[in-house]
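Here you go, one structure.
Chain nomenclature is as follows: A, B, C, D, E and F, assigned in order of appearance, with residue numbering initiated at 1 for each chain independently.
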Amino acid sequence: MKFTIMINEGPYQHQSSDSALQFARAVLAQGHEIFRVFFYHDGVYNGTRLSVPPADDRQLQKEWSELAIEHNLDLVLCIAAAQRRGIMDADEAKRQGLDADNIIEGFRISGLGQLIEGGIQSDRTIVFGD
Amino acid sequence: MKFTIMINEGPYQHQSSDSALQFARAVLAQGHEIFRVFFYHDGVYNGTRLSVPPADDRQLQKEWSELAIEHNLDLVLCIAAAQRRGIMDADEAKRQGLDADNIIEGFRISGLGQLIEGGIQSDRTIVFGD
Amino acid sequence: MAMLHIVNKSPFERVSFRSCLNHAKPGDSILMIEDAAVAAIEGTSFTEKLKEAMTDKSVYVLGGDLAARGLSEDRMIDGIKSVDYAGFVDLTVENETTQSWL
Amino acid sequence: MAMLHIVNKSPFERVSFRSCLNHAKPGDSILMIEDAAVAAIEGTSFTEKLKEAMTDKSVYVLGGDLAARGLSEDRMIDGIKSVDYAGFVDLTVENETTQSWL
Amino acid sequence: MSTKKFMFVNRKAPYGTVYALESLEVVLISAAFEQDVSLAFLDDGVYQITKGQNTEGIGQKNFSSTYKALGDYEIKKLYVEKESLEERGLTPDDLMDLVWEDEDDDWAEKPSIILVDRAEMADVMAEQEVTLSF
Amino acid sequence: MSTKKFMFVNRKAPYGTVYALESLEVVLISAAFEQDVSLAFLDDGVYQITKGQNTEGIGQKNFSSTYKALGDYEIKKLYVEKESLEERGLTPDDLMDLVWEDEDDDWAEKPSIILVDRAEMADVMAEQEVTLSF
């Protein structure tokens, strides 16, 4: 079966990113397909590469990044939500005249249409949030 | 009177940063003093300079920054919370071996002791959160 | 010592407002901000609980938050006072301490 | 079409769980994850409401979330089934649709 | 592309959190995909469509007029729960006048708000294929 | 530095949100300032100090043992509300055994948890000078 997953909250503050990550791993472990993971609202904070949590804690942003690379997942950060919250890739930072970007490998920034398309193309759409 | 303000949530997702900003302006307008504004939990996201909201929306991070510069306010981002969430100043980014930083002018990163000190030194400590 | 209780969540959505009312003392003040402002109007399922609290506590609402949610001040429960941010600051000065019910 | 309702908030803190129960249909399934796991045990002020729902709906709890909050499975209300993340995925497959009550 | 029944569930008040605004942004985008779109307003979500919203005092953009544009995008099924209004001391008169124009009926303006009771809302929810909540 | 009465109010369950963990981090730091520190556990906050927490299934760090260290930092007033426990089907036996050592009484271990009813909790809250909530 084909899944799309939506995540509405950032890492740490709410459990939704943890839950979604565990859910995504279980989906893959059972041989299903993940069509897309769409990060909306504060969910876009999952895509920063500047996070350095304490050594004994999990690093959610990196875990998502590694999962994406390993399984060739499509992790999409909503562009409007990302712009409001200061999550930028190199192109977007340049276009906005900013002096830095902070996206982590394995994520891409795109529009809300990607969420709707995920809902259309997938057999199941599961939402994680606050 | 001397105030310390604590903010527990990031900009946009919750109203707490908006409310705290309006409250801080009113405190200053009435001739009181703001000893410190302490940003904790997701509140540290208020300190990014990479935010580019739509032109007709407010830019909370910049409004805090400008208020701090104009009134010489002490805006402190909790270091532990900032590290988890990827908010970095140049020194901290260098120390962590990161290739970018994203703090906006007018904020500084420091420890939780700054919050307790604020509570001790101020006549009133007001908390804004979810 | 009188305390200003700051509530920011709708009583229809979260338990924090009820918890505040269950712990505030006679003579305390309660300020409704953000989503809590919706509790200020007459005829809700929370009105009775709030009126009960008003017998020995003062209740305020941040007018800007009420208006943002499309609720006009003439619908407020009798006795609730609408304040602006300057009034909010005054309340924190008049009361010795504050507690935010997050 | 059977629906899987996913609830992630404590019924003692927010109204979302009650709202879910008020809208779920007979034959639907309800999965408690994150803070909602605390509703799974016997003897709470929410137990009766949940048991009522269980007369025509299936109720599940994510075992890891229950354990994290210090609650053991032998305290669960009779008839609630504990699942792991693989079981969570199965539930989303077995039910045609899902709704998250955020 | 195939057509699916999409429902956007709105249970939170506007301005206190961003969900109402960013949910509306998704709804607008969904129009371009020509899906069968419904919106549900229940619990505190009913405050999203009250009339007379005035955000001058809180420094946020008033986006309530955007709901009025939904009809132009062929989004014309806005289910509002009666019980949620009643608990909050509201009546349908407190809601904005949201309409769409029926091209098959000489562009007559028709109401987009469909008042339903809790059981009817449950029925509508049960019919959906993709349910997005915020 | 002067001494003030600080209260940390805990009303949220652990793990579902970060507030419990980050609140505990502030409490530990506050010890260094030699203030008069109290903690309040009410509503879902009582889940923060249940015994037997096991986070293996959720991938988060189990930080509940940190509460046991509070006594060593002279933080020994943990007020827990009876009504909050009862509504949740819990009893004091479900809570961790949190103690401090009284140096004036030959380092005898004494309980840090002070069980109070709602009215007593209100009294304790009313006495505070700085109340931090998360």
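In this section, a residue touches a chain if its C-beta (ideal position, glycine included) is under 8 Å from a C-beta of that chain, and two chains touch if they have at least 3 such contacts.
What you see is a predicted model; the values in this text were computed from it and never measured.
With steps allowed only between chains in touch, the distance from chain A over to chain E comes to 1. Of the two chain pairs examined here, C-F and C-E, the one linked by more C-beta pairs in contact is C-E. The distance from the centre of chain C to the centre of chain D, each centre being the mean of the chain's C-alpha atoms, comes to 33 Å.
Our note on geometry: chain B versus chain C, Cα centroid distance of 26 Å, whole angstroms.
Once the centre of each chain is set as its mean CA position, chain A and chain C turn out to be 38 Å apart.
Annotation for chain B: residues touching 2 or more other chains are 8, 12-13, 15, 19, 22, 41, 57, 80, 125, 127, 129. In chain D, the residues that touch at least two other chains are 8, 12-13, 15, 34-35, 64, 84, 97-98, 100, 102. The set of chain E residues that touch two or more partner chains comprises 15-18, 43, 58, 60, 130-131, 133-134. Residues 6, 8, 33-35, 64, 84-86, 88-90, 92-93, 97-98, 100, 102 of chain C are the ones touching chain B in the complex. Listed in rising order, the residues of chain F touching chain B in the complex are 1-2, 4, 6, 18-19, 22, 25-26, 29-30, 32-33, 35, 130-134. Within the complex formed with chain B, the chain E residues making contact are 15-18, 58-61.
Residues of chain A that touch chain B in their complex: 10-13, 41-42, 45, 48-54, 57, 61, 80, 83-88, 93, 96, 98, 100-102. Within the complex formed with chain F, the chain B residues making contact are 6, 8, 40-41, 80-81, 111-113, 115-117, 119-120, 125, 127, 129.
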